[in-house]
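Each of the two complexes below includes chain A, the first together with chain B, the second together with chain C.
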Partner chain A sequence: MLGRLARHPGALCGLALLLALVALAVLGPYACRWSFTDVDYTALRQPPDARHWMGTNRIGQDVFAQVAHGLRKSLLIGAVVAAVATGLAAAVGASAGYFGGWTDRSLMFVADLLLVLPGFLVLVVLAPRLRQWGWLALAGLLALLGWMVTARAVRGMTRSLKERQFVVAARLMGVGPVRIIWRHILPHLASFLITDATVTVAGAVVSEAGLSYFGFGVQPPDVSLGTLIADGSDVALVYPWMFFFPAGLLTAFVLAVSLLGNALRDALDPTTVRPAGPPRGAVSGLA
Partner chain B sequence: MSVLIARRLARCVVLFLVSLVLSYALASTALDPRAYFEDRRPPPPTRVVDAELARLGMDDRAPLPVRFAHWADGAVHGDLGRTIDGESVRAEFGRRIGVSVRLLLVGTLAGTAVGTLAGVWSAVRRGGFGDRALAGFSFAVLCVPTFVLALLLKTGALAVNRAAGTGVVKYTGEHTPGLQGDWSVHLRDTAAHLALPALCVALAAIALYSRYQRAATLDVLGADHLRTARAKGLTPGRALLRHGLRISLVPMTVFFSFGVLTLVTGAVFTERVFGWPGMGSWLIDSVEKGDVNSVVAVNGFAAAVVLLAGLVADVLHALLDPRVRQP
Partner chain C sequence: MSTGPAARGPAAPVLQVRGLTVAFGAGRRRPAVPVVRGVDLVLRRGEVLGLVGESGAGKSLTALSLLGLAPPGAQVGGSVRLLGEEVLGRPERELAALRGSRIAMVFQDPLHAFTPVLRVGDQIAEALRIHERPRPRRETALRRAVELLDFVGVPQPSRAARALPHQLSGGMLQRAMIAMAVANRPAVLVADEPTSALDVTVQAQVLEALAAARRETGAALLLVTHDLGVVAGAADRVAVLYAGRVVETGPAEGVLCRPRMPYTLGLVGSVPRLDTRTPPTPVPGTAPAPGTIGPGCPFAARCPLAEPECRAAEPPLTGVDSLSRAGTSAPDAHTAACRRIPEVRRWSAADLFGRPPADTPELDVTGTEPPAHPSTTPGAAPAGPWQRATGAFAHAGSPNTAGGTAEGTVPGAGSVGEVVLSVSGLGRSYRLPGFRQRRAPVVRAVEYVDLEVRRGQTLALVGESGAGKSTTLREIASLAAPQAGRVEVLGQDTALLSRRAARELRTAVQLVPQDPASSLDPRMPVGDIVAEPLHAARVPPAVVAARVPRLLTQVGLRPVDADGYPHEFSGGQRQRVAIARALAVGPALLLLDEPVSALDVSVQAGILDLLLRLKRALGPAYLLVSHDLAVVRQLADRVSVMYAGRTVETGGVAEVFGRPRHPYTRALLSAVPLPDPVAERSRRRIVLPAGPGPGPRAVSGCAFRARCPVQALLPAAERRRCAEETPRARSAGEAAGHTVSCHFPHR
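Now for the complex of A and B:
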């Protein structure tokens, strides 16, 4: 599978781009002499030059330092959300599929219910409380609202796996249901879950940026890509570096993860032609 | 068929009611209408704030079930309560729903139609230049988050207007305020304002649906019954449209119901960026003010749109695929 992945040009491009972005997020703040809160009063609204690699904003903060810090925050949130949401989807989907009956019906009712209200609206409503709780709560909520579609898919696959001989054999030997799910069913779904987690990372980053754009996500003085895009958007023509650097990096990140996700899907399942395309957000398909 | 629809409808109604209760509970606990009044300068006395909150049915000292019962009693009789500024939620709802529905309807219809056709075309021309160009376009659009796409369109419109020296492309608001003239002037004005936001909603839909439709059509292209249709003398185009398209649309109905969720959320951004006074910008404004009743109304609207889209998708599915119709 890794061999197939290595021969995929999209995978290599995506991986290279992703590594570059992660490097920027992790190492960027150390490489730059400014921190994201530093104000350079001698350089207000400066275009990019040797002193400020991506220019400065209206009050003289270095855009490169801000973008690197914002990217770091965005990626951190994306990773946490993907881990929690995928874990939750696997647990709920596998239990619903394996136990069937009332467990199945009630769990799927909850999933349907969470899908009815666009998750983004729920997040917006909760935003005033989120301001007090910080970014970890934001990540937790994004995860809590982003597991439903995956759980449905996991449930379907579990139902067919349940009838397979190795699961039946384990059950007849007296292995408990939790152990069967953990040892026999989830390993079979690992490839799907890994692919899905990649897609969820991109979705979560986009959701977080969208919330922060409205001022509901990450709060100042902290910055994320969303707040930077919001700050730069109304002066995009006059001071393009304030808008196009954060917007471009957000797009580049989604592009990298989508390329990688598609390549993973192809590598794991070369027979089917699947619609290619990145996700529209972790939270019930948020754009 | 009617049994199927009735059962789906019952499920939708239950989901709608439960989501309404939950969103009322959510809005009442998460929002803080008291802060909206207390932040006024000079701050009004607590007694006045209490009386005002009680009058609006947002009094945070009353237990939640009591507040909900009061609101639900009004809602059953068609009264959705008052906004935090004392106006009727129902009147505001009426003003804004037309704006949002126009945007969503035009965007979704244009996006679904163009996306489906582009997908079929792309599958027929598999591997050709057009197919690859469309794939590249879809991928690019899907990689740009909706709010960035809207901002880019708006910036582009601004640049065009600046280059042309006049307001060729309209990018703010939903009509020109104070416009004089007969209905044709107004219609043209509204259409000009609709173009860019609808394009923003439609572009995402085109990109999404064309990918799904391409895959679904490719699955059908090699099917036996299509070969039979060709053998009995139909041209390739007719065979594909008469016998291929119908089957390939079946899986699309599922994507349609999920896609609407995306579009509703995307419309919030689109309305906000283009300054449309629709449901989406109402939600953002209401949350900032702590306006519980308005937030519940918008959430109810969103839930109704999503459930309705799911219902339409189910009915279409049953119409297209006779196997589903057996209960």
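Now for the complex of A and C:
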């Protein structure tokens, strides 16, 4: 699989970009002599130079330090959201698909209910109330509103896997349902779930940025890419470094994840590979 | 069936294939992989040539290449001359004109060979309108299509012509396919496994239709099949394909009765026979994969007679009787590609392949006795390693601990041994999906089934597809309360089990599913697969780790195979894994759902042998479901024949097969072809009319009456009894336990 991934030029670019961004988020704060809260009164609204690599903002904070910290927060939120949403989707979808009947109906009813809720509105209403829980509450909310479509897909795949002979055989051998889901069904969905989680990371980062932009997300003094973009947007043309560095990083991140996600989907899906041998029973034409 | 070409004067070949090669996958760096490697065939007017071989031998590819239908990416070489004209290398347009008019094909799966959205009659008429000049009018062509359908024995041909493909049964469709193939009176018919997907009774109808079509049009037939029985009955000459080459060819009688190539000998010897209970001899090893064939004889690696010279160069086809080189002799001559033809003459399959070659380990079933592995089963020493001390199994006792008396005694039709499984009046029906719950039509898959399996016994459930065999098996395996009737396992009624008791009883009943390719989780290593039922039975991990290697050894695999994944194994090995998994918890009853139907014959024989040995060594009872009566004959002690969800006849295998009493059993048995041309051609066959389609069945009376050849000859008063009174099982004759459900059984 990794070999197939490596042959994909988009995947390599995406992976390289992603790794660079992660490195920036993790190592950036250590590389810079300023922390994201430090204020340098001698340099207000300074363009990038050797002292402040990405310039400073209107009160003299170092943009590089802020961007690195914001990126770290955004990535963290994205990763948590993707993990929770995908895990929830796998658990709910597989249970609904495997058990069927009333389990299926009630779980899918909840999923449909959440799907029709206007997600952004819910976030806007709930986010201020959960402020004391910090960014984890935000991540939890985002995850709670992002698992339904995946769960429906997982349910469909589980229903077809359930009919496969090896699942039937396991059931008749007396293997318990939880064990069957864990050992026989989820491994077959792993490729889908990995791909889906990758895409969810990008979506979550964008959502977080959007919320933070409007002031419902990460709260000061903490920063994320969204708050940085919001701060820089009104002066984007006058002091472009305050806006374009965070905005560019966000774009780069989403691009990298999308490239990688697409490539992963291709690499994990064996039907995209041309079969090597003669296709059996591939007969066209009629006597 | 065979008139022979001599009656028609000069035996001009209508189809001549010389050095046909088909290769795949030539890339920039890799060479093409040859799959068909130089096949020579000659087909004369009115002749039937059977092309036999196992899967992967290149049969279908050969057949398709004759029509220029080789899949895209295949490189076809050599020469195919149809009526003296070269076929290969022609443009697609000319090939299309040739197909259907000069050479026509009957495909394996008729449901996929017909366009699903057009009526069958229209499709046959289309074949006529495309090739005939001047083009017939639509109505004329349609009328001819109905005539053709009538000719191949489709009942109510004008109705069938108006039907869409999915509305007809498989046998009817296959006959319609034959009608379409002969519509333009082609010189050559190519039939690719025309009966493989069909029941034996339907197979007999289709073969009959094929013979009639051939008689009428005088077409030569290339019959591609893996079933030696079909070839024995239908073919004049036989060509045996192995690893992409013809390794033996000649008159059907010569090749099948006096094979001279060790592979053919092994192939014939590995076919289970319906008429006698002689264990088939497996051929060790597997055919080489395309691309891995060395310079020598491709069979040398599996051949007990191989000499160093065999591996040096591939032997040419040599005359068996005169030892002349093939090309110069007549096409009728019996030739084989073997250097040691005179020696092969002295061997029988059982002697030649009976002893395992030195490089494969001897099957270790005796090595399971407790003294051999004293440390592996703590606390279970007196019970033997095969049993856990579950309540269910303790109840069942153990063949190994019963002082050795149970071992080796194979109960026949008698009633020794305790009852492991008892089923009475089992019923199961489904509602068809897609309707509102209340109004959905009910399909009665199983109406009323009685079974009894005793310790150490094998009961076989036979019948056509749709008779309810698999449903019965699944109902038993589920260990849940049945919809109707009673299922008792080891004396415990499954309807009354607590969860805990059900879990313990699970270890007593284990299933070997039909297709090992799909029943093994492709993402799990074999060791974990075999260990799964042990984990489900909550066996401690240390015991599991010790038992898995022994289980693998027991089914003829190596302990190191535990790390492999299912796709790394051949079909036969995968079925061995499935058997090891089922045996893991030491079941008292093994449910075998068509255990060999997905396997090639030479591999099949090995699995049958394994099952027989395991039963002798470990003593579980088998409940076998199979549509292959020859397999049943080899494995079973008792037979239960099912028709339309009911048991119609049951008894010892020798009585039921030797003196069948129910008209359905008689028809079923007579439809099974024997792989012996002499015996096969001298048999009388009862060809049944087409069976009922799916859907609700008759409520009263005998379900078989519409197809029954006996009922049709009865006086009206007795016939009414068949229609009104459902026949009950009653004792049939001398042999104990032989019962039949018929008002007028055969005497």
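Brief remarks on what is shown
Simple rule for what comes next: the second predicted complex is superposed on the first by the 269 of 287 C-alpha atoms of A that agree within 3 Å, B and C clash if a C-alpha of one lies under 4 Å from a C-alpha of the other, contacts with A are read in each partner's own complex, and residues count from 1 in each chain.
By definition in this document, contacts are C-beta pairs under 8 Å (C-beta built on N, C-alpha and C of every residue); 3 or more make two chains touch, one makes a residue touch a chain.
None of the values given here were measured: they were computed from a predicted structure.
Of the two partner chains, chain B is the only one that A:210 touches; chain C does not reach it.
In the superposition on chain A, A:172 contacts chain C only, with no contact to chain B. Look at A:255: by the touch rule set out above, it reaches chain B but stays clear of chain C. By the touch criterion stated above, A:243 is placed in contact with chain B alone, chain C being left untouched.
By the touch criterion stated above, A:127 is placed in contact with chain B alone, chain C being left untouched.
Of the two partner chains placed by the overlay, neither chain B nor chain C lies in contact with A:159. For chain A, the partner touching the most residues, choosing from chain B and chain C, is B.
Common to the chain B and chain C contact sets on chain A are residues 276-278, 281, 283-287. For chain C in complex with chain A, the touching residues are 24-25, 33, 35, 61, 64, 67, 69, 71, 73-74, 96, 99-100, 104-109, 113, 127, 177, 180-181, 190, 290, 474, 477-478, 503, 506-507, 510-511, 513-515, 518-524, 532-533, 535-537, 578, 581.
Chain A contributes residues 164-166, 168-170, 172-176, 179, 183-184, 187-188, 276-279, 281-287 to its touches with chain C in the complex.
Of all the residues in chain A, the ones that touch chain B in their complex are 112-113, 115-118, 120-122, 124-129, 149, 206, 209-210, 213-214, 216, 229, 233, 236-237, 243, 247, 250-251, 254-255, 258, 273-278, 280-281, 283-287.
By the touch criterion given at the top, residues 15-16, 18-19, 22-23, 26-27, 30-32, 135, 138-139, 142-148, 151-152, 155, 158-159, 162, 204, 207-208, 211-212, 214-215, 218-219, 258-259, 261-262, 264-266, 268-269, 272, 283-284, 287, 290, 295, 298-299, 302-303, 306-307 of chain B touch chain A in their complex.
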